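In the two complexes that follow, chain A is the common piece, with chain B as its partner first and chain C second.
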Partner chain A sequence: MPAASAHHERPPFWRNTNVLKWGVQILTLAAVVAAFWFLVSQAKTNLDDKGIPVGYDWLNDPANIQLGEGIDTVPDTMGRALWSGMVNTLRVAVLGIIASTILGIVLGIARLSNNWLAQKIASVYVETIRNIPVLVQILLWGVIVASLPELTADPGEKRWFFASQKGISLPRVFYADGFYQFVALLLVLAIPIWFVRRYLKRKQELEGGEQHVGSVTFGLFVLAAIIAWFANPIMAWPRGVFHAIEDAWAEIPQSVMQLILTVIAVAGAAWWIKRFLDSRRTPAGLAKLIDDDYFRMIFAVVGALAFVFVVWVLWPGLSSWIINSGSDFWGWLGDKFGGDRGSRPLDGMRPTVTEGGRFVNYAPTGWTLTPAFAALFFGLTFYTASFIAEIVRGGIMAVPQGQNEAAAALGLSRGQALRKVVLPQAFRIVMPPLGNQYLNITKNSSLGIAVAFSEVVQVGQTLYNKNNQTLAMYSIFMVFFLVCSLTISGVVNYINNKLKIVER
Partner chain B sequence: MGATMDGPIHVPQDGDAEALDYTKAAPPEEPVTPPGRWVKENLFSSTSNTIQTVIFGGLLLVLLRFVLNLVFSEENNWAAVATNVRLLMSYNYPAEQYVRIWFTVGALAAAAGLSMAAWQLHPRISVRRIGVNLLGTGGVLIVMGILTPGATPSSIRIGMLVIGAALLVIGAGLLFGTEDPHLKHVSFTAVLLTISGLIIAFLWLFPLGKYLFIDGEAIQEDGTVSATTKGPWTVTILILLASLFVGRAIGKAIGGTRPLRLAMGVWWVIGPAFLIFLVLRDPEFDWDYVLKVDLPLALAFGLGGGALLYALTKPTFADQARAVGAVLMGFAIFNWVAAFFGWYAMLQKVRFSFLALALFALAAPTFAGEKSARLRFAGMWLGLVAVGHWLITGINTPSTLDITAPPFLGGFVLTVSIAYYVMLASFPLGILLALARTSRMPIFRVLSTIYIEFVRGIPLITVLFFFSIMLNLFLPNGMAVSELAAVFTGYTVFSAAYMAENIRGGLQSVRKGQYEASDALGLTGVQRTGLIVLPQALRVSIPNLVGQAIATFKETSLIAIVGGFDLLRIADKTIPAQTAFIGQKRVGLLFICVVYWAFSYSMSRASRNLEVKLGVGQAR
Partner chain C sequence: MTTTNSMTDVHNGLTDELRARNDIIECRGVDKWFGDFQALRGVDLLVKDREVMVVLGPSGSGKSTLIRCINRLEVHQGGDIIVDGVELTNDLRNIDKIRSEVGMVFQQFNLFPHLTVLDNITLAPIWVRKKAKKEAEQKAHELLERVGIPEQANKFPGQLSGGQQQRVAIARSLAMEPRVMLFDEPTSALDPEMISEVLDVMKDLANGGMTMICVTHEMGFAREVADRIVFMEDGRVVEIGTPNQFFTDPKSDRTKLFLSQIL
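And then the complex of A and B:
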């Protein structure tokens, strides 16, 4: 036996799994990179042939278009037009997320109700709506809104509610002058409230009984809000502070900012590698690292170095951009305080017809859903709500009955059991698929193009039909949607980690 | 692909805690409760329950009235849909050649019937369920008849009331007239025959009216549906029933449905391509050229390649097979590079054949074995060459169809074809991506992860626009792709990322022991993946894959935005532009809502049944 193992032959290199594995991988990587390079250079050649320069300079060109609605309906530049479209996308996405969550939760709970009628209506809703394409639904809502009665009100007429071919208009609440002062004062007042809350919580843990932690905190917070509503002018002093920061920020030399960014990148990579090695440490010493682990560490280092390279060589303007926009930000914030501002934090307004038979879109005349916005919003909300209802139902059903019984055995009331035992667990199950649905709403808002809603893809398409900058435009789309996706999944992951059951 | 479906699936064994219980019957149904007690228990059992009944009852009335108002509004002209059914189904497919469409429908019906027999689809349905469903439908119809707005034609209102009352009576009779309706069952065949009979009777007897389009003029006559519609549909339904019985007879005669299942699996993969490209498109073969070039080429590849593969699958020839495979692969890739730079001309078909042969040669060691196994492998190659060459030749031959607008597919046919082929094409791509993402090789994993997350982060509509506008920009001079093909490519690229995530879920559910066991058996990596891991993983991911199929089907509607003439585009743009039906958008949209709903809903029901049958839900 020992003789056999002594004669253990190394396989020839073409049968050595390590060589094969890395050979195939590197070949594939090379092929992918080559294909990319080939395609991009081909596209560049084709674009050059047509006399279309590749780049982003056109963002500053005059736009000469009019948008249906948005923060700026007659934008000066193409960049501004795109920005306006992005804000429209976010508007419909955020409102759709809020509305579909509420509707979805109601429907999901109704599907579990012991009332037969509620159960049936909810399940018929879900089974009908989720099996019809969202685009068809959006178009159908467009047709329905278009068949509403004509707007007959006279100019200047105020009502609580308008529903007409020109759109649906609701009363609107908006920030007034004192809003930032109000928030700042509320934050200041929150500090003592937090101490009271901590004190009560400790008392609850030490002495037991009912110390009314939640209700006392809530009551104090309401009190603080009332105080802040009236007393917010005392928060005028941050104006000077923020303007001082603005000046100081603008003074930072570019090289210092570059140095700071470098330190952040290098320290980040070092910290990541240290944490990674710590996670591989076992009581018996460092675990054996596989190829993959080395690859990850190398990847972290390469990433950090690439960032440093960008900061110093490729795009030194990044640092001055950060300096300028940081300074601008502090200046903008400073302007929100003090001065001759009014003290009212919020204001409201009823819808008003501004001209004969017309609203001014997105102006302070009530909250107007234009026909396109209404079609997209209703379509997205009703469609997504049917999926959220199923998620909520699944989440609640997935909490074992034993949890309820255990809570009852501990002497919790029904409400307490629901709030402290069942819902937190259901929430944990519901969160990841819910995040997915929020992503879907954001992505599906690009279907607004079918009803001529001025969201980012529609605006972008109008623009590239003018200047043929398709490649650059698509890169902007992709970055925008990727940022949205990453933001949503980041928030969902954060909440998820907070809610995770702590295991060993 | 048909083989993966009946591959050696997890065999339950003693002591295997998660062994699947195939014999598990559906949960027993509860006996019927008397109506009075039922109402009290389900609607008014407590104060909160009563409040819910009142609120939801009011909501139901409001919603029903809203929907009925949409459907029977005075502005709606339903003749716009009735006259344009053919346009919606097949766009401008020439009327003289319409028999091709019917042939396709008939072939699909036959295949569906045989598949029902092959997969032994015969659920037993209890009398109670039928009764409850009839009772519910009847009740809703009567409420609708009362609520429907004044503009509704009186025949429809009376029809709703009469049919609703009839269903109520029959349902009540079944529920309360029979003894123990929850224990009595009706066979699937009886239900199918009854439904078919009702549909045929409805087509031939119900006075829906004849709607025709002659020279751009809409013509409306009284009577039943026109004979060109009801005739073919009757035949189709009869074909479906006949093939179901034939399939059952075959199954009985050969004592098992496995061969039939295999045959149907293969048919569902390649059959639709034949229907689309050979039946519907009707290529005009140049027989002289076919006999001189195409046939010899196919024979050379089929027989030569078959002989080569038969030799390479000899168990002792593994190293030689790899070497030959590598050389062939190099040659095949070089052919494509040469094509890009235009070094030498070669038929596209030949390039594809060399690539396929290289892949087969590389896979040969995995299929090495006894003589019969080797013959089967060579036979697979022969079949692939035959099918592939015929299809490629057919696709590249000009069509005889006399169509004014270029795409010969349109309407519902386009919707279904695109959805079907996107699923089919993204399936292998999705498997590769999922394997790469779960593999232990870092570069593969990073590349696949970047691809998947990138694609999943952006909306489908931008992908479709990108491909329809940009694909030709990326291609070298002289190469071009039709717009529909570009959209199809983009959709496949998009769908593959989602497919990969669904399959990855399945891969992660395969237990570690399975990997260790196959390593212990001395299987190679390819064998382990192909024979042990993937069959189990795919089986677990079936429900998710059906879910994705439904989503794909629904999202084909986005093709309307990028320029294809699918169901939605015709209802939203084409019909409202006809002089006879200016602005009739709403009826068309409502109609296609029903079409989309019917297909998606039946798919989701079928998937739920499949889940129960496979026991997948429990296994996870």
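And then the complex of A and C:
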């Protein structure tokens, strides 16, 4: 029947690729969830039989441990101890990311340089360092720091720089009472500066000539910073405002928060579906939706309903948690304000030595890299920098030679060609693998356990050796590293999309 | 190596009018090696002010190498190259001076893909000539008008056709207000229907009195526009002459063979 076959006939569902695709995915998801559920419940039963109840209540138990360093070295609770460990992990990861990026870019460019010496040094560095396991390097740095001289200063002695077995100590600059007021005042003053800048830019576009946009903006900003440095107490008033918000927030009833979350979930799903339908709209009207499209919309609705179910039935405590921590946040912010006359934004101190004799140590007046931190930081940074150097080199080499030639033929200097033509294109190529290296630094920071650095895994192991909450602890590790990794890849993907070269 | 016979007399084919003008490019016995391979063998060449010179020859004959030596994208190892009275040496100041006075158009366009058409054109005037942005943009719009694509200013190179990209590349070179334009097979990477739009721009430029050296395989263009034609083989200049001389009465056997193969 040729006439009939001209019409679109719906295939039976067992031959419909859309149905099959979604069916397989849903089945796989269900199987994974079921397997996971089975394993967890088995482990829970087994642990229950041994008298070890699985849960997270122990987070509020007293910790009774001392950490080598961190925001809280003698934490009250186990939760606080873990938090302190997480901050240490983030500290070494963020500093490692910054330092290895700078070192890696320098090495990568040096490897391509025409300078024979620079090129050889960079090559030897990369080929050596990237081929030695990072754990060995971290341990080696631990040995190097441990071989520094003993700390033999008199108690109370101040110096600009100490390097000893106890670590490397430098002067420290820290936020003082007025810091948040200073920043707030600077932001307020930035508004008129922004208008001046816009005015000058317009003037330059309309009238031509040199209007010194950059230098005027910079000068005004420096002036604003000087004013804000001394006048910061006039921004003390937000204290009251933030504390009022804190009180108001705490008054929100749980049911109202549940309602708000419900509205957000439902509105989010509706917004997603609307956007999705808009994307299917052509100038000729709404395109015909296929099964695949319906599945997606159904999934959005199911997801929203599942969230509503969680909010009202499964975990009503979520809402009160949001209320409490929101209120805490405003209170915390409010406390940052209210410094009186003479409060300074920043303050500095030199490192001091305490307790002469046997238990000689640095007082926390300076900025001290403890031996453990130094070993982990140097190990991670130097190791990862060798990979970043190769990525940068590859990125620059991937820019066609014709780009350099065109820049040279136009009379751009080598430096200008690098900055204006090559690097912007290399950056685009380099970004995704660079993100991988950032993830690696964050994950490899757990090797700090080898030099007894108080990062989250080390702290966690100490804790579960006390209370046997291995399973719960590992779930916390996993969630923590997952959140770190997703944040990094989110940022990298965002930048990547921004840099995409427009074609067609 | 600098054996010159009467065929490659640099004054061949010069009309009296051309002869009276200044030399703007002077090559004397230029040698160039790539490793063991000698790409240029004692090339002598004289280009007069506002002259249009077309360089022909089989592939691998050193045509591109010659013009790349003229703005020092390649470094010559023997002989002298003098551009507008400035000799090409290792002196950075001379190199910069010559590069900003000699524009170059490449076979592969080599536009900067991360910049819009307008930014491609204004980049060098702003950073090398230190022009005001507004002035540079105004000039860029004029040039885009001149090459026939004023409406593409805010697009990216990837959004343009090959012919449009090559016209942007020409506008980009012209923005530096060069005294000499070098064209390195500007139409070889283009679809046939786009070749003419690029050649039209080049003809327009030639009629406007620009000094040009074109490496090309477009015989029609060579016959119509060139003041003189240079024929090269194996890194040597084999013959120089007016288009009429060259196409109707070639002197060397090699030129005759080349012409019999392409015509």
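Following the convention adopted for this analysis, the second predicted complex is superposed on the first by the 399 of 504 C-alpha atoms of A that agree within 3 Å, B and C clash if a C-alpha of one lies under 4 Å from a C-alpha of the other, contacts with A are read in each partner's own complex, and residues count from 1 in each chain.
One rule holds in what follows: a contact is a pair of C-beta atoms (placed from the backbone, for glycine too) under 8 Å apart; a residue touches a chain by one contact, two chains touch by 3 or more.
None of these values were measured; they are calculated from a predicted model.
**Student:** Can A:412 be said to touch chain B (first), chain C (second), both, or neither?
**Tutor:** It touches chain C, and chain B stays clear.
**Student:** Pick one for A:485: touches chain B only (first), chain C only (second), both, or neither.
**Tutor:** first
**Student:** On the superposed three-chain arrangement, identify whether chain B or chain C touches more chain A residues.
**Tutor:** The partner that reaches more residues of chain A in the superposed model: B.
**Student:** Across the complex, what residues on chain B touch chain A?
**Tutor:** My answer: residues 42-43, 45, 49, 52-53, 56-57, 59-60, 63, 70, 73, 75, 340, 440-444, 446-447, 454, 456-462, 465-466, 469-470, 473-477, 550, 554-555, 557-558, 560-561, 568, 572, 585-586, 589-590, 592-593, 596-597, 600-601, 604.
**Student:** Would you mind writing out the residues of chain C in touch with chain A in their complex?
**Tutor:** Going by the criterion above, the answer is residues 71, 73, 96, 99-100, 102-104, 106, 108, 110-114, 123-124, 127-128, 132-135, 155-156, 158-159, 169, 172-173, 176.
**Student:** Would you pull the chain A residues touching chain C in the complex into a rising list?
**Tutor:** Residues 204-206, 208-210, 400, 402-403, 405-413, 416, 420-421, 424-425, 428, 501-504.
**Student:** Per the contact definition, I'd like the list of chain A residues that touch chain B in the complex.
**Tutor:** 21, 24-26, 28-29, 32, 38-39, 42-43, 46-47, 110, 113-118, 121, 127-128, 131-137, 139-140, 143-144, 147, 290-292, 295-296, 299, 443-444, 446-447, 449-450, 457, 461, 470-471, 474, 477-478, 481-482, 485-486
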